[in-house]
Amino acid sequence: MSAVYRMPSLGADMEAGTLIEWVKQPGERFAKGDVIAVVETQKGAIEVEVFHDGVMGRPLVETGQRVPVGTPMAEVELVDVQRAAAAAPGGEPPAERRAPTRTAAVRTLPGATSPPEPAGARSITVPRRLRASPAARRQAQQLGLALADLAGSGPDGAIVLRDVVSAGGRAAPVRPPAERPAPRRGPNLDAMRGAIAAAMSRSKREIPHYYLSHTIDLTRATDWVAGHNAVRPPERRILLGVLLIKAVAVTLRNYPQLNGFDREGRFEPATGIHVGSATAIRGGGLVAPAIHDADRLELDVLMDRLRDLVARVRAGTLRSSELADPTVTVSSLGERGVDRLYGVIYPPQVAIVGFGTPSPRPWVVDGQVVPRTLVTATLAADHRHSDGHRGALFLAQVGQRLQEPDTL
Amino acid sequence: MSAETRETSYREAVREAIRDALRRDPRVFLMGEDVGRYGGCYAVTKGLYDEFGPERIRDTPLSESGFTGAGIGAAMGGMRPIVEIMTVNFSLLALDQIVNNAATIRHMSGGQLNVPVVIRMACGAGRQLAAQHSHSLEAWYAHIPGIKVVAPATLEDARGMLWTALEDPDPVVIFEHVMLYNRTAQLASDAGPVSIEGAAVRRAGGDLTLITYGGSLYKTLEAAEALAGEGIAAEVIDLRSLRPLDDATIMASVARTHRALIVDEGWRSGSLAAEISARIMEQAFWELDAPVGRVCSAEVPIPYPKHLEDAALPQVEGIVAAAKAVTGR
Amino acid sequence: MTDTKLHLNREHALHLLREMLRIRRFEERCAELYTEEKIRGFLHLYIGEEAIAVGVMQCLTPEDAVVATYREHGHALARGMPMTRMMAEMYGRQEGCSRGRGGSMHLFDAASRFYGGNAIVGGSLPLAVGLALADKMRGRQQVTACFFGEGAAAEGEFHESLNLAALWQLPVLFVCENNLYAMGTALERSESETHIFRKAQSYKVEAEAVNGMDVLAIEVAARRGVAAIRAGGGPRFLECQTYRFRAHSMFDAQLYRDKAEVEAWREKGPVLRFGHWLEETGMLDPAGRARIEAEIEAELATAVAFAEQGTWEPVEDLTRDVYTERLA
Amino acid sequence: MTHNEIRAAALEELINVAPDLAEETIPVDADLRETFDMDSMDLVNWVAALHRRLGVDIPELDYPKLRSLDATAAYLAGRLGISQTPGPP
C-alpha cells in the first residue's frame, strides 16, 4: 500500500531535522530496520530507520531541507499490509495525542499565580500611596472612616489598626451606618451599589470576557405574543421577555459550558438551568434573581414567576438565595433602551445573554427588503470555559428557537 | 493527665522513644553510623545496643547513601527502619536516596509501593562545630513533596513523634536540634505517641505572633517573656511539622494579633521563614497591621569562634528588637 | 524453590527464545511508536541484551524481588508483567502498570515484586540491599536480583552497596550488564579497572564474568549464584558482557562508536545465535519460528490496542499519590 | 366615578404594583415611563390590576395610551363610558 515516510521524532526536544541524504533511492527495496535516510539534528547526524518492509518512492523533501517533525519526507510503498494499515507513517497522526499536555499547560491550577510583571514596570514612578496597613484599611472601610482624615502613628506615619480603632471611638464616622436614616421601603441601595461594584470589579478583573452579537428577527415572536395576549385578560398576558428567557434556557441544555460556575479557575457545570433575570431598580441598582429551572417552565408559569420576582424586587423582599442561585443571566432592555447591551458576567457565573430593544428595521427576506422587528442578542462569556465558536452556535440557536415561538 | 512526672533530658526522651518502638514492633530497627557500640554521636542510643543486639541496633559503615537507601529498601520490604544520620550536613551524601527514591517511589509506582522509613538527623549550630556540622537545612527537605518533615522541640514531641512517624506509611524526616539534647524538663512517665501534624501555640498573646520551631523555640519563648515585661503580649507558635505546614494555626493567630515575626535558624534566603511569610501574605494580607518580620541566621557558613557563631544565629535580644520593630515600638 | 541446575529440553529452550523475542519485538514497536510521538520522554532500548534478563529470571521464584534500571522493559517482560499494562504505561495512560505516572523508565509492579524502573544510575543498588536486608531480618529465603549497567560502577552507591551486602551477608544477586558504554563514554575511558567483577571481588563478593550474549551461559551462572545465595552464602555478582545494538536512547547520533563495531556485535546477537543453535539442533524449524513470531505479534497488537484505548488520568488527580491518602 | 376618582384608583394600583414609587411625587401629567422608569412588567401588572378593579379590558394595543396618570384616567373613563374632561388635580 502507498504511504508516506515522515520526519521521525527522535526525542522530546527534537522539533525539526535537516535531510542530509537519502540512503534508499526511488525504486529500491528496504526491509524493516533499514536506514532510509540520514537526518541532521542538534545532536548530530542520525540514521533514521523504517519499521516496515517496502519500496522507496518519490522523495518529497530535498537534501539540505529542514522540516518539522511529522512532515512527509517521501512516498513509500509498504508490503506489510496488515501492519501498515495501523501504522502512522501513512496515516494521519491522531489529533488527540498531545491533548493532555496541552490541557495541563494552559490550565490554571489552584495556587498558580499570574506571571510576574515585566521588569520595566518597576522603574515607573508612581505617586506615593497613602500608607495604611491592610488591617487598618479594612477596619476603616467597615467603620466608614476616610483614611485621609486619620493621623498615622505607625512607621513613617503609616496608619495602623489602632489609629482607626481610636478614631472610630472618638470622632463621628463620616457615614455612621447605624445612624443612617432608613431609606424608603425597598432595597438598601448603598449596600447594593457596593455589592454590584465588588462583583463587577471582580468580573472585569478576573474573567476574560468574549463578546458575540447576533441580530434576530423577532417578528414571528412578537406576532405570536400579540396573538396570544389578544385573547387573554390582562392578568394572563405574557411579555416578550418571557419568550426570550425561555429560548435562552432551552438552548442552554445543548450548551452546558455556558451554564455553570467558575470555581477557582475550573468549570463546574450547573445541575439545573436557573436564569437570573436582570431587573433594574428605580433609583439605581440592579438585581438578577433566579427563575429556577426556567427551561422546564410553561410560558404562563414563567411569566408568573417573573411577575412575582419583579414585584418582590420592587418591594425589597427578595430572598438572598434567589440572588445566589442563578446559573446564567439574561439582561433584556425591554421596550425603552438602545440597540444592544454588552453584559458583564456576574461571578461565579460564566455567561450573560443580553437583548437590546426590539425595533422595526429593514430586513431582507426572500430577496426583498421588508420591515421586520429585529433585536440584537449578545453573549458575553468566560473565555476560560468556552470559546467563541460554541458561543456563536448558541446565539444562532437562540435565534432559531425564536422563529418557532409556539414550540417554546 | 498523668500525675507522675520525672526530670528527663531531650536525649533520654528520644532514646525512650526508640526503645519503645523497638519493643512495640519487631519490624523496627535502628541503623546509622556509631549508633551501636559507640552509643551514638550525641549519646542518644547509649545502652540500646546491649539491650537489643547488633541486628536491631545496626552500626553502618560511613556510607550515608548506601545505608539510607538500604533503609528505604528495607521499608519497601516490610520493615520499619529508623535511619540515623549523624548531622544534616552528612545527609547531603544521602540526598539522592531521600529525594530521588524515598520521596518519589509511591508516586512513580502509581501508588503501589509505600516507603514507611523514618530518618532522624541532628541539625543546628551552637556547639562551635563550625561550617560542616552546624547547619539548618530543614527548608531543603521541607521543599520536597513526598516526604514529611518534623522538628520536635519539646520533650513530649521528642518522646512522642517517633512512633507516630513509624506508623505513617510515608517517609518522615525528623530533625533534632543539637542544642536540645541536654535540655531537661519534667516529662510524664507515661508519655507516649503524639501527632506529627499541626503546630502548637506554646504561649498565648494578643500583640504579635512569633512563629518558630526546633532549637529556636526556647530563645523565642525567652524573648516573649522579655517582651511581656515591656507590655507586649507575644503569642508563640511552635510549628512542629515543617512539611506540611499548619497554615490554619498560623493564620488564626495572625488574625488575632495582626503582626507576625518568624524566627528560623536557617539562612534567610529561600528559607522556611520566607515560605511562611509568603503564605501569611497570601492568606492573611488584610489582617496585617505591619510587614511580616524575620529573624534568621546571618548568611555565612557557621564560623567556629564562639562570639562569631553567636552573632550568626538568632538570639533573644535580636528577637526582642525585631518584635518591637514589628509592633512599632 | 528453583532448581540449582539448568535442565535444557526443547520446551525450555523454545521458552527462552520466545522470551527474548517478546522483548525484541516489544522494543522495536516502542521505537516505532516513539517516532510517531505515541511514546515520549526517554526511551532506552535493551535490544542486544535480552539474554541477560531472560536467563536470570529463569532462576527466580515469584517471592524473589527484582530491582532494575531505566533500561528495564526486558526485565519487566521476563519477570511476567503483562505487556498490555506495560505498553499503556509507555503511553502514559492510567491503565499502565504505574498508572501512567512513570513511563518507560519507571515500570513498577508490586504483585511480582518488581521494584522499578530506577533512573538514577547506581541509586537502586542501596534499595536492593535494603530489600535483601528486610528478607534476611524476617528470616525469608528470598533473593533480590539487582540489575545495573557498568556505568554504575563509577558511582559511590555501587561501592557502598557491595560493601554493605557483603558485610551483612545479604541475599542479593548483583547483575552487571556491561554493554561497554555509559551513554557515550566507553568503559576504558571511565574506569581504571575495566573488569567490573574484580571490583566486586575486592569487597569479598564472589563474582564472575559471563558471556552476556549467551542465554544458556547466563542461566547456568545465575542458577549457580542464586543457589549459593539461598544457601546463606551472601551476595553474588555476575558481570555479563554484552552490547546494546541501538543508541543509548532514541535521540543519539552514536558519534562515539564505529558502525563496524556495532555490526560485529550484532553477529553475536543473543537472539540470532540462539535461534541458529536451535535450528542446528533440530529443536526449531521455520514453521515453528513463524508460529512464535505470530503469537508475539498478536500479543503485541493486543498491547498496542490496549494502550491506544487507554485513558488519561484526570488533571484533577494531579497531586494524587504524593502521600498516602488516609481516611480521616 | 369622576375622573379624579379614576385617577386616584389608578395611582393606588400603580403604587401597589410598584411600591418603590410610594414616596415619589407623581405629577398627573408626567410620562410614567420616561420620568418614573416604568417598565413593561410594571405596565402589565398595572393593567391587570386596573382590570380587576374596574373591570376594564385594556388591549395590548392600547398600552401606549396609558402614558401618564391623567391620560390613563381619560382612557379608562372612555372605556367605562364616562365622558368627562380632565379636572384639576
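Here are some notes:
Order of writing sets the labels: A, B, C and D. Residues in every chain begin at 1.
Here is the rule we use: a contact is a pair of C-beta atoms (placed from the backbone, for glycine too) under 8 Å apart; a residue touches a chain by one contact, two chains touch by 3 or more.
Computed from a prediction, not measured in an experiment: that's the story for all the values here.
Counting only chains that touch, the fewest steps needed to get from chain B to chain D is 2. Between the chain pairs B-C and A-D, more C-beta pairs are in contact across B-C.
Averaged C-alpha coordinates give centres for chain B and chain C that are 40 Å from one another.
Separating the centre of chain A from that of chain D, both taken as means of CA atoms, is a distance of 44 Å.
Centre-to-centre separation of chain A and chain B, using mean CA positions: 47 Å. Chain centres here are Cα averages; for chain C and chain D they lie 92 Å apart. Across the assembly, chains come into contact as A-B, A-C, A-D, B-C.
Remark: chain A residues 184-186, 226, 229-230, 233-235, 237, 239-241, 280-283, 306-307, 310-311, 314-316, 334-336 touch chain D in the complex. Residues 27, 29, 55, 60-61, 63, 65-79, 81, 96-97, 100-101, 105-114, 145-146, 148, 168-170 of chain B are the ones that touch chain C when the two sit in their complex.
Residues 8-14, 32-33, 41, 43-46, 48-49, 51, 69-70, 86-89, 93, 97-100, 103-104, 107, 109 of chain A touch chain C in their complex. Within the complex formed with chain A, the residues of chain B that make contact are 258, 285-290, 328.
Interface of chain C with chain A (complex): residues 28, 31-32, 34-38, 40-41, 92, 247, 249-255, 304, 312, 315, 318.
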